[in-house]
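Have a look at these structures, which come just after this line.
Heads up, the next two complexes both have chain A, just with different partners, chain B and then chain C.
Up next, the complex of A and B:
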């Protein structure tokens, strides 16, 4: 009995009806009667000493149960890698939008009304508006206690400065190689911080049960991570904390760390037996909760006259804002991949996570790779211009291949994707060889740009996943994992993998949705584009385990050795005589003989996975193997620029990525196209605008604009398939990668169109107009 | 967030609406409600105690052509006016505002009487020298007062309405709708955003009528024998976080020259 593979087909998403009709229940749709509501007072200053906070009038307001300030929890510090953030500001505010006080009331309206009655005095302080300002001698030190914060060993803060982490790469001898390179270029490239703008604002609903256990429903990508971090911050053991993650309305990294949960829990502990809901408005979600880092960078590249890169020397300064959160590890991940997907024998890189008085930064789709890619790709553009070489040819020439080493000295193994093949697809799609720049009859200029990317998950060396597979009376299978659904569709990919491995109809396989730390198997975090890879591996092991159990039970009634049996098509049968067999429904809960005797019992398959062969980095040289599997690709755009007023549009966007094996093409395309769209927004408009005191001027969707339907270019998403030997069916991660090369490719195309190198984002029409005007004068 | 205590009233006639307004301190007329909702959510200094829904008032929701004039009810959603298309410049201007889904709610009266600096829909009406029919509470025990007036006469940076005055409709000569016109609109980035500049240009026998929104803190209009004179009469634009004054000035010039080209 042979079955055709279901891999590579695109069945409809199992959650499509509930999502498109609005019936799906997210965390904030699960508010129980009797819930208390919290409302937060946010700092109107980016940097200020807090004077008196008077909550008396708020406390007297009808329906109010309590009002709290930082002084209520004088010792609590929250953090991911480093505990540097109080749940409510203490003594000083460090960014515009920092929570200063909170009111808890019977309903949200009362909480908000009472909030208006709080009187808080501030004495403004000079605010740091960029990493370079924060590193300048004499700059105010935002975290005088940096040296005493609890942290993990991989993060290297520099107490007495505003450096929250410095990662170093020293590969070969970059100084010598640059000194002897016949061609050397150098540039500085930057952009401001911004927001994820996920559709669902963050929410946490916590209850401190009368049994002393804490239960938290949260819009989180990381229920297990939140459990661990809550345990650290609150001093409760993990066994007394349950974190439940309903499907999440978009995360993009912004919900991968710990956000509203600690404050919600601290409040809940003041009101045992009553849930407390802490929910962001859109504006709070943008400014008060973390966004993505900004960047200032300097890159030098040395090459031969033929364009072979000899060395790179770079400094990437991540604007982490007021707190370190995930940004410390973002800066570390950027070091791991700092050169981009090119063979660079000599590398010297310092990637720093720097405190400023901006809203704080966390993980963002791409995790440091957009930043490093934008910086290195812009530098390669300068090199191509200096050499008079086609930027595509320059990239092709230097493309990383198996046998080359990464900046940390790890060798790219034979599982490495085929970057030249990706470049070739983009070249075709954009008709690259027909010319990169043309003036249209109406005066507008059309231009093309290309960039390459790579990314390995930036994960702890012990990152894990687990899965269990159980069965129902009808023989159908249910997979449980700790993966969170955040729109990425991992469940449908996992479902295909399980159906394929069981040789079963897709309709007979379900994947459980809510992740719940009390019930779900352990899973590190739904991030780093790792879920299909790792949970997929665990699922395959769970299937193998279940199949072995099924065969063991069936071998008795079928009177044959287990190894003669096969499971497929919803049956277990003799391989050489398929007519002899049993439907799974008669085996998976135990087999019952005609006389009533029963054997077996419920089949439960068990699967696990843990990252293979990862090691930390040497603090002085970066040497090590921190990256699991490298996904590579190329991206290109075509843009149109109106030189009269800077009017600018991306008209075509192409991505070719080596994904190892395409499991669910429609989902893969959705991820890649979504990522490209997000990258266009990133490059052309999405960024905070600050006033002179570092207050956010565009902290609402009225003013902070995203790419909308109707502005989308024509998209091309192509996939190259060089199997990942250890991936499930050869697949590797693809969720984030499509965004990484976009800012670089767009900046290259815009620079070519405008006739001036554009080294800052976002590329708004006014920015382009100004750059062209300055170039002319 | 809307306050807990809020009255919702839905009168059937203009007279009743005005009476209800007089009877409730802190009442507001409610058309599409988009501005009322966003302002109440955002700001403590935007009190609302009662909302008087004007969408059931027949004369505020009618669109008619009679005796050579086009009459537009103030409570009509922008999309209904744009879809009708009797005044092409107004249609083009309206289609620049927000997106289709939002335009299904935004009313023309709300757009013009709102607090935002843009109020783009007023430009074609100002250029057309439209008339406005309104009703206001009478003083003391006097009955409500209806009156018709030239929009231009009570427009100075904003519409100067009396307390409790409700706009019922706008009207303009159809002949004006037939004049050659041009519309240009530019934003900071994507199309769904407030304008850096929206420009409405009409050519009439004596020269040009020019209206601009977005470049100044309020809509402006002027006439001139040629386009450049009209532009000059509007005065210098202002800068804000969306764009500098300089860029707005440059945009207005390119927009005007391309609009003039279209009309030549």
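Up next, the complex of A and C:
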């Protein structure tokens, strides 16, 4: 019997028919007749006291069912790790775009028209435009109640200041090592906050049923997380809340927290029996719902003259905006990995999540690692320049290897990927040794840059996944998990894993499409590039459980011990006499003897997984093991710069990543290439532009420029396979990592081309042109 | 020029069928398709003409349906993604991984269908100009580029 192994092949995605035909229904494609529509009034100020809000005229508008302000829910505070955010602003607004009032009407047009009739008075206050401003003595304190917010223990706010979290790393003795290092460089590196800009704007549709149960359809990456947080915010038990996550039109971390759901639910509870739809316009999605943090940082690196890094001393200030949301944990995750994938014996790092009057920040693909990588890679560039050393050689020399310790003191085990091999691949792809800088005949300058990255999921120590495997009459298998489809293709990876483990034809394996907290097995969140790893492990256990059940049933009609049986090719059969066997279709729902007697019953395989051996961090030194598995790699770019006008283009982008084991090469490539494309946008154009009062000036896709067709470079994605011992078939996570090194690599190449160190993003042509002009004068 | 006031009844030719539908004069084609006709394959990514997720074909030309009034489309042939069945461009997007989350995909595919009928021969300049009206946040455009090339090949055969 030959097994039908498809692992490592790239079959067509199972959702291709639904996604290319328009058949797939996302959350907002599921609006029922009779649904009420909510429209939100957003703050025009970044920081202001709220005076009177008069909703009378709005309430009188035909079709309007209600109008609400923060005063309607005086006690509700929402937060992921720390409850600091009211569903509608109370007393003051803290960012431009903060929801202030909401109108609910029979249709959206009426809600929007009525919204214009609300009169709201504001008294503007001075607005904080950066973490450094927010940390300066005498800065206004944005959250005077910081000390009384409910929070998890791992988050360490500093009441009386604007620090929502401070994580500390103290490894070895960085001060002494820096003092004795023959070469020390220091730099400051920064960028403004920006947005995920997933193509599907966020939406939540909530119904408080006449039976007292709350049902929420949401474009969320975290149906179970939303259920828990709703339970806390609304005072309803989890058993009375159902969260349904349809496939999501792009997440990138932006839908991993809790966002529109609480307000949608509070409104629904005012109108039992009628669904309430709260949908973002694109503009609201960019500015009012959370984006990604900005960064201000300072890094000092000490090294020997040979380029061996002795110590790093760093301060990473995350601009969290008005509320903490995921950013508190982003800053913590950045501490865990703060040095980047290098062997640094002495580390002193403070990573802070700082409140400002910017739109608030949540998780973003990379989860703090873009920020730390950009800062450390820029610092290494300064070091390479000081040493007169090739930046690639410097990285190779210091690359983290098994046996080295991470900033938190955890030892990199033999599962650790092969970073030097990744660097070697990028070196080849970019023909690195042919030279890093060249002037083209037309005067443009071509230059190369390289950066390395690592990332481990920054997850709770008890992060879980689960799976069930059931079967249909035709013997086909259905896998149910709590994983949400975001486009990443986890379902197809899981299908391959199940098909491989069952020895079954891929066409006979399906994965359930919606994640539904009432029906799907529990799963922490679809984030942190952990779905294939953890749900994959759970799926393997579910298969093993199902196989055991199949053998138990089949052993009776086949008259043999269970141990003699094997399941493969859609059959269960005698290992030593494969002709003797049964098709699975005759066993998986119970076996029926010719006389009508039946045994067994439906097979249901169960599988579970929970993160292994994780611990928290010591609050003073960061010591601990918070990272599950480390995915490492290297990335490089080639850019072309026109020195006359700053015109600038990334022409090649290469990534080599150690993924443990490739499950579905085409999907893996898609993740890496997509992440690199996003990283190019991040480094070269994407950022909010603020006016002097911290209002967002480019909160639409017209002004907030994303990469468009034809602007993409030639992509190279290479994979190294050093098996992850505890990963499914040796695989580890890879969804986010491709973005991490891009800003650093691009900044290095652009700096080399421009002949001036570029330490701020985004690297727009104007920015480059100005920097070059300043350098000349 | 026709004057409209209050709710009106429109008769639209959509995906080869004549559909009679109540509309307000200010309704966009996008809203009408999604909210009145249940044709939710057409996506709303910005409602501002910037993203192309709402692209449909009107008399064969790609139109951002969020920017078109439904009343303007009377008498025209409207093709939405639901009306495109088994087209080589759809197949190419599937085979070449021209999508991930799929939210931009209906608009991308329809725009590509129009592009390939206007420019059956390889034409990087035209491709860029046409396809730049649609944003894909997921793929980095590699799969979309491959899908275009492969669809162009199969349409020629």
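Simple rule for what comes next: the second predicted complex is superposed on the first by the 776 of 777 C-alpha atoms of A that agree within 3 Å, B and C clash if a C-alpha of one lies under 4 Å from a C-alpha of the other, contacts with A are read in each partner's own complex, and residues count from 1 in each chain.
The definition used in the following text is that contacts are C-beta pairs under 8 Å (C-beta built on N, C-alpha and C of every residue); 3 or more make two chains touch, one makes a residue touch a chain.
The shown structure was predicted, so the numbers you read here are calculated from the model rather than taken from an experiment.
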Message = If we overlay the two complexes on their shared chain A, which of chain B and chain C does A:201 touch? Say first, second, both or neither.
response = second
Query = Does chain B (first) or chain C (second) touch A:677, or do both, or does neither?
reply = second
Request  = State whether A:707 touches chain B only (first), chain C only (second), both chains, or neither.
outcome  = both
Key: Partner chain(s) touched by A:249 [first = chain B, second = chain C, both, neither]   = second
Broader residue contact with chain A after superposition on the shared chain, chain B or chain C = C
Touched partner set for A:644, first chain B, second chain C, both or neither = first
Inquiry  = Quick check on the superposed pair: does A:689 touch chain B, chain C, both, or neither? Answer first, second, both or neither.
reply    = first
Query = First (chain B), second (chain C), both or neither: which does A:606 touch?
reply = neither
Query = After superposition on the shared chain, which partner residues are touched by A:110: those of chain B (first), chain C (second), both, or neither?
reply = first
Ask   = Is A:20 contacted by the first partner chain B, the second partner chain C, both or neither?
value = second
Note = Overlap of the chain B and chain C interfaces on chain A comprises residues 109, 702, 707-708, 710-711
Ask   = For chain A, which residues are in contact with chain B within the complex?
value = 107-110, 112-113, 116, 644-645, 647, 684-685, 689, 697-698, 702-703, 705, 707-708, 710-711, 762, 764-766, 769-770
Inquiry  = Looking at the complex, which residues from chain C come into contact with chain A?
reply    = 24, 34-35, 39-51, 53, 80-82, 84-85, 90-91, 93-95, 97, 99-106, 109, 124, 127-128, 131-132, 134-145
Remark   = In the complex, chain A touches chain C at residues 12-13, 15-26, 28-29, 31, 109, 197-201, 247-252, 281-283, 486-489, 666-667, 670, 673-678, 700-702, 706-712, 715
Message = With touch defined as at the start, can you tell me which chain B residues reach chain A in the complex?
response = 1-4, 38, 44, 99, 186, 188-193, 241-244, 247, 250-251, 254
